[in-house]
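These are the structures in question, set out in turn.
You will see subunit A twice below: alongside subunit B first, and alongside subunit C after that.
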Partner chain A sequence: MRSGLLRFVVRRLLFAALLVFIVSSGSLLLVDAAPGDHFSSFDLDAATVAAERHRLGLDRPILVRYGTWLARAARFDFGESMKYRRPVAQLVLERAPKTALLGVVALALATLAGVPMGIFTGSRRNLIASAARMLSIVVVSVPSLVTSFGLLFIAARTGWLPVGGFASARDLIIPAIALALPIAATLERLQSEALSGALAEPSVRAALARGCSPRRAIWRHAFRLSLAPVLAIYGAIVGTVLSGSFAVEIVTSWPGLGALMYDALVSRDLFLVAGCAGAGAVFLAFGTLASDLALAVVDPRISEAAS
Partner chain B sequence: MIPTAKSSWLPSVAGSSVRRAGVALTAAVVIFAAIGPWLVANAPEQQFQEYVFAPPMRPRIIDASGTPRRPFVYPLRLVDRLERRYAEDRSQPMPVRLFQNGSLLSVDAGAPPWFLFGTDALGRDQLARLAWGARLSLGVAVVAALGALAIGTLAGGAAGFFGGTLDEALMRTADFVIALPALYVVLALRAAMPLVLSQSQVFWTMVVVLALVGWPFPARGVRAVIASERTREYAEAARALGASRTRLLLRHLLPAARGVLVAQSTLLLPAFVLAEATLSFVGLGFGEPVSSWGTMLRDAGGGRTIAEAPWLLAPAGAIVMAALAVNLLTAGDSAHAAAHPTR
Partner chain C sequence: MGPAKNPDKSALNSGQLFGLWEQKLAGPLFTRVAAIAFVVFTAAACGSDPARSTPPAANGAPARGGELIASLRSEPATYNRYIPAGANTAVEVVSILTHARLVRVNRATDELEPWIAEGWSPAADGVTYTLTLRDGVKFSDGQPLTVDDVLFSFRVAYDPSVQSGLAVTLQVNGKPLQVAKVNDRTMTIRLPEPFAPGMRLLDNLPILPKHKLEAALDAKTFGEAWSPSKPLTDIAGLGPFILTEHVTGQRMVFSRNPHYFRRDAAGVQLPYLDKLTVAIVPDQNTEALRLEAAEIDLMSNADIRPQDHAAFRKLAEQGRLKMTEVGIGLDPDFLAFNLGAGAAKRPSAWLARKEVRQAISCGVDRQAIVNTVYLGAAVPIFGGVTPGNKRWYAEVPPCAANLAKARQLLASAGMTDRNGDGLLETANGTPARFSVLTQGGHLRERVASVLQQQLRPLGITLDVVPLDVRGMFARWQKGDYEAIYFGLAASSTDPALNPDFWLSSGAMHFWNPGQKAPATPWEGRLDTLMRQQAAASTLEDRQRTFAEMQRILGDELPLIYFVAPKVTLATTTKVLGAAPALQIPHLLWSADTLAAAPARQ
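Showing the complex of A and B:
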């Protein structure tokens, strides 16, 4: 069983490597194929542009350029950013941890708020529970882009919170909450449904019939059963976090991967686009893998089926 | 028995009061997008230079002296051009007219303009821009969702019906697309086009890009339904009676996937509305002078502008209303809370 799990992990890592390769190559070729390049937006004299393009190898055919980039990427040299005039790897390594920090804090906040709420609403049928349920449906409908605008407005009006940037831990509050809210509501809905489903399971009914207290039935029996569907969604949620953080980072000027990707795209910074897209794929792959592993720990049948 | 068209979602919609609220809100959003542009008094691109950052002007029924009267608005007067402070001119109430000058609510033609939702940095009527923007924002989302459902039905139908290598290849592709960082792919695809495009090019670029990213979700759902339905007795019976493969698939099997398609569209639509808003917000979607909800958010700018002119957040409210309408419709169905139910 242990070797099965190992094989499962290795296979997923290989798939992740393939994914990163295709995503970064694809975005490089796509942006390269677009009309115009980094230098067409500047008012430079032709000789300077030609020299700079020659230095970066942009004057050679696209396949040669791609081949060179690929050969270098195999040695972990992902080229130089045209805008920042620094190695792409350096820039990505500088920015990606900030997105990771934002994502992890948001996920933790969402879990701490959403799962207990879901357990509450899933095990009770009263006015407060249905009000909480309603609130979640509303919050699910408010995307992070909108939430971050709303929080910025509150921050600017009241002066309680800094309005963006990256100077202290306090700057994390707005982007993290904006990112966490819709996810918390999603988790609440999911946990609530999973728990009420689990409470209807024959095993839990039997426990209740045996005279087991409702509290024990919820926490000891039903909660365990409800864990699998909730954990399964985390893989998808990592994607939501990544997409959501793009908008949040730009609105709140959080200097993460999304903001860097945006810079790269707007200034047609080829290698930086490829680097950011590849880093995004890495994030997603690791998030999904972590979620699958957690799932395999909770429900051993899953890794057995996979091996 | 052959499932008929009636066995779908419609009867259950009217069930709970939450759903009724969803139906009402959906209808309101659709009507706003469909006929809204004809009901607003000002043109979306018209710049009222005397009314830059004018606050919303609310209709009243009680005037300054405390006497009730028919609905009216106080016109705005610029008090301080630098600080953009406005004051209500209490001496000249403008009566609100219903269905005049070709719009639902307006003031008399010669009177000062009325901005129910205020104006933006260029003095443009927010309500007019919101109404015209609804068409673009919801239009992109609806067409892209239809595209994703069409591709998904084709791919999923073929995969489930024929099985074998085709099934394997199509579903591997679908899994691969799902595993991609969606927004990054959308951005890269968009970046492959020239930065400056005509508005209709932007529209179709976004539709194609979103459909390409969104199709795997319906495809997996449709495949699952078709693969299980084709072994059911009614399908066997139809085949035994000599139904061609095309007829079997189109007439008998695909109708069974309708529920999946409806469920998927309720997930794709809010996601696509948000995608349009995000792309336009960062400047890779619609651009000036066209208004979509995303470009309006872009115009709203950063924290300081919003603090001064919160009414610029109206498009954010519109995005929420559209998403809420769909989410209320499906409230109570299990698995709808999940962002991607097909995992």
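Showing the complex of A and C:
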């Protein structure tokens, strides 16, 4: 079984490599195909632009440029940022930990709030549970961007929290909450539905019939059963965190990968876009892998299938 | 003034992007969210010797010490103003804070002042100037400034391997200046021909330390010097501050330069501030909120948006912020038509008729744009030089909101409704329809939509095409457009320093750039007048000639101007000694006189 799990992990790692390759190549080619480039600017004279394009090889055919980039990327050299004039890898490695920190904190907050609330709403049929369900639906439908602005507005008016930036741990609160809220609401909805389903399972009903207390039936039997569908989409939630952090980082001046990616897109910084997209794909792949492994732990059928 | 080169005004920033999102997603919420108050600045009057400045404190005592925090929406990719990557607002801010010029155009008064040169004298030939450097000026690393550093700076600017954008601004009629050393403190500058702005040319040239950069220039590695990957201690300058920390994506910290040459009227060495932090805040809404929360004290390059005015004023009334209305902006947006050679083959070739463009100008109700898009924070205009440019503004005959005259003009150009569908057609049946490229998510997009509505009753269909700036530039460069609604910042208020726009051969002669010979008689006339006013010996002659140029442009209308926004700035009450200017950076151009009010007990 252990070798089966190893094969499963290796397969997933190969898939991650493929994902990174496709995402970074695709983003590079798409940005290249868009009208204009980094030097399309009313502020530079034609001779300077021609010289800079030549220096960076932008005057060569796209396939030649792509091939060159690919060959360098295979040696973990992802080129130089046109805007920052620094190696892409250096910039990405500077910013990625900040996005990871924000993502991990937001996921932890979302999990700690969403899962217990889902258990509560999934196991109760009262007014409070209905109100909580309604609240979740509202929160899910509000984009992180709007939540960020709302929280920043409150922070500016009350002075309780810093309005964006990254100088101390307190600066993490607003972006983490903005990012966590829709995820928490999603988890609540999932956990609630999953728990309702689990409570209707014959094994749980049998436990209750045997005299097991409702609390014990929920936590000992139904909760474990309900975790599988929640964990199954945890990988996808990691993707949500990344795409959500894109807007949140810009609005809250959080110096992470999302803000860098936006900067790269606006300035048509080809190699930096590819680098940021590739790093995002790495996050996504590892998030998916982590959720799959957790799922295998929770649901023995998964590890059996893998072996 | 005609548009010339200045970067970030044309760059799509996150504030503009989210400005659009804000309208689409939340409407009134964000109108409130973005609200921030204003302030009346205490203007720091420069004395007769600009090296002596009036202290900011009301009691006359200089308030040395303290710290202010400014915001900036982008960050520099280099600290080197000379290289192509240095041609943007963020690098210009760094350059203003850490370097000094021989002379300075006072942005508040538009007067030329001695700066590290204590003065200059023109020779009888009218083209040679002798400049003397101030005695005892030192770079931030303690090395004394000599004429050799100035000559080195010119050498860098003109060196083809550097590809410096500054080279173009240091030319007269395409020819470079000749500089020569007389002694360690004295030098001569010879212009290739008489040029009225004279030493104003030097306002763009930060003086570099030869001892720090000569080796890099000789080794052809100048472009890599002073980049963020190199130690900040490599940088030495003559400006009021030293860059001591740059955390990418977060902030730049500037500390007082202990060797700065300027003192205030009481003899206190400037700058007043111990520290100036520039926080990188990409989003304009967040920038406003951080100002409201007093997390930043001033916005480096941002004036207040029209939709924020009411709420900001309320905060100013509460004493939480200070605000000032600086004046009417210098760089209005314009509707530019493609009058290049290829345009004649397009279905919209009818736009080449002057009467059609005049009809479009007459058919637009400018006050409606002021009221609906700018919420009153703008004024109607009819030419590219706004009343804010007091020295060069000349009235252009107005024609606005006059549908009868517009219809008459269109009829005279052969544009009539031939098939009764309410829309005009040309004599050969081509419908009066054209597309306008504009900057998506910006106020410009809303103005373009208003133009679309207003031209409809005239029988003209306008299709608005929102793009990002780079995409729009690519289309403009290829001549692949019919019209563009856009705006550029002039590099100077003086028309002679914007030849790229006015001359038919200019790269920024927006409607038909880089002509080998003037394509039309009126452009030929503009060329002649431009050269006349640049060489004229008196200001009155220059103003008269430039007024005629403005009238020609106002009659031919290759660009139509509709409104000029008012520039209003806001700071926290902590900011003292500010000298607000219409040009960016509105406050940091005079950073050495900024001071921080002591914290209230």
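The rule we apply is simple: the second predicted complex is superposed on the first by the 303 of 307 C-alpha atoms of A that agree within 3 Å, B and C clash if a C-alpha of one lies under 4 Å from a C-alpha of the other, contacts with A are read in each partner's own complex, and residues count from 1 in each chain.
In this text, contacts are C-beta pairs under 8 Å (C-beta built on N, C-alpha and C of every residue); 3 or more make two chains touch, one makes a residue touch a chain.
Bear in mind that the values here come from a model prediction, so they are computed numbers and not experimental data.
K.L.:
After the subunit A overlay, clash or fit between subunit B and subunit C?
P.N.:
With subunit A aligned, subunit B runs into subunit C, so clash.
K.L.:
Touch test for A:112: subunit B only (first), subunit C only (second), both, or neither?
P.N.:
In the superposition, A:112 touches no partner, neither subunit B nor subunit C.
K.L.:
Going by the contact rule set out at the top, does A:255 touch subunit B (first), subunit C (second), both, or neither?
P.N.:
The answer is second: A:255 touches subunit C but not subunit B.
K.L.:
Could you tell me if A:85 is touching subunit B, subunit C, both of them or neither one (first, second, both, neither)?
P.N.:
So A:85 only meets subunit C here.
K.L.:
If you stack the two complexes on chain A, which partner ends up touching A:266: first (subunit B), second (subunit C), both, or neither?
P.N.:
After superposition on chain A, A:266 lies in contact with both partners, subunit B and subunit C.
K.L.:
Please indicate which partner A:149 is in contact with in the superposed arrangement: first for subunit B, second for subunit C, both, or neither.
P.N.:
both
K.L.:
Does subunit B (first) or subunit C (second) touch A:34, or do both, or does neither?
P.N.:
both
K.L.:
Tell me the contact category for A:52 with respect to subunit B and subunit C: first, second, both or neither.
P.N.:
A:52 contacts subunit C only, not subunit B.
K.L.:
In the overlaid three-chain picture, which partner chain does A:94 touch, first (subunit B) or second (subunit C), both, or neither?
P.N.:
second
K.L.:
Answer with first, second, both or neither: which of subunit B and subunit C does A:26 touch in the superposed model?
P.N.:
In the superposition, A:26 contacts subunit B only.
K.L.:
Going by the overlay, flag which of 242-250, 368-376 or 386-394 in subunit C ends up clashing with subunit B.
P.N.:
Clashing stretch of subunit C against subunit B: 368-376.
K.L.:
Quick check on my understanding: which residues of subunit A belong to both its subunit B contact set and its subunit C contact set?
P.N.:
Subunit A residues touching both partners: 34-36, 143, 145-146, 149-150, 152-153, 155-157, 163-164, 250-251, 262, 266, 268.
K.L.:
Help me check something: in the complex, which residues belonging to subunit A touch subunit B?
P.N.:
The touching residues are 15, 19, 23, 26-27, 30-31, 33-36, 134, 136-138, 140-143, 145-146, 149-150, 152-153, 155-157, 163-164, 185-186, 188-190, 192-193, 197, 232-233, 235-237, 239-240, 242-243, 246-247, 250-251, 261-262, 265-266, 268, 273, 276-277, 280-281, 283-285, 288.
K.L.:
Sort out for me which residues of subunit C touch subunit A in the complex.
P.N.:
5-7, 10-14, 18, 21-22, 25-26, 29-30, 32-33, 74, 77-78, 84-85, 87-88, 163, 165, 168, 224, 227-229, 247-251, 279-283, 285-286, 289-290, 292-293, 295, 467-475, 477, 488, 507-508
K.L.:
If we count contacts the way the header does, which residues on subunit A are in touch with subunit C in the complex?
P.N.:
34-38, 40-49, 51-52, 81, 83-86, 90-91, 94-95, 143, 145-146, 149-150, 152-153, 155-157, 159, 162-167, 250-253, 255-256, 259-260, 262-263, 266-268
K.L.:
Which stretch or stretches of subunit B touch subunit A in the complex?
P.N.:
For this pair, the touching residues of subunit B are 18, 176, 179-185, 187-189, 191-195, 270, 274, 277-278, 281-284, 297, 300, 302-304, 306-307, 310, 313, 316, 319-320, 323-324, 326-328, 331, 334-340, 343.
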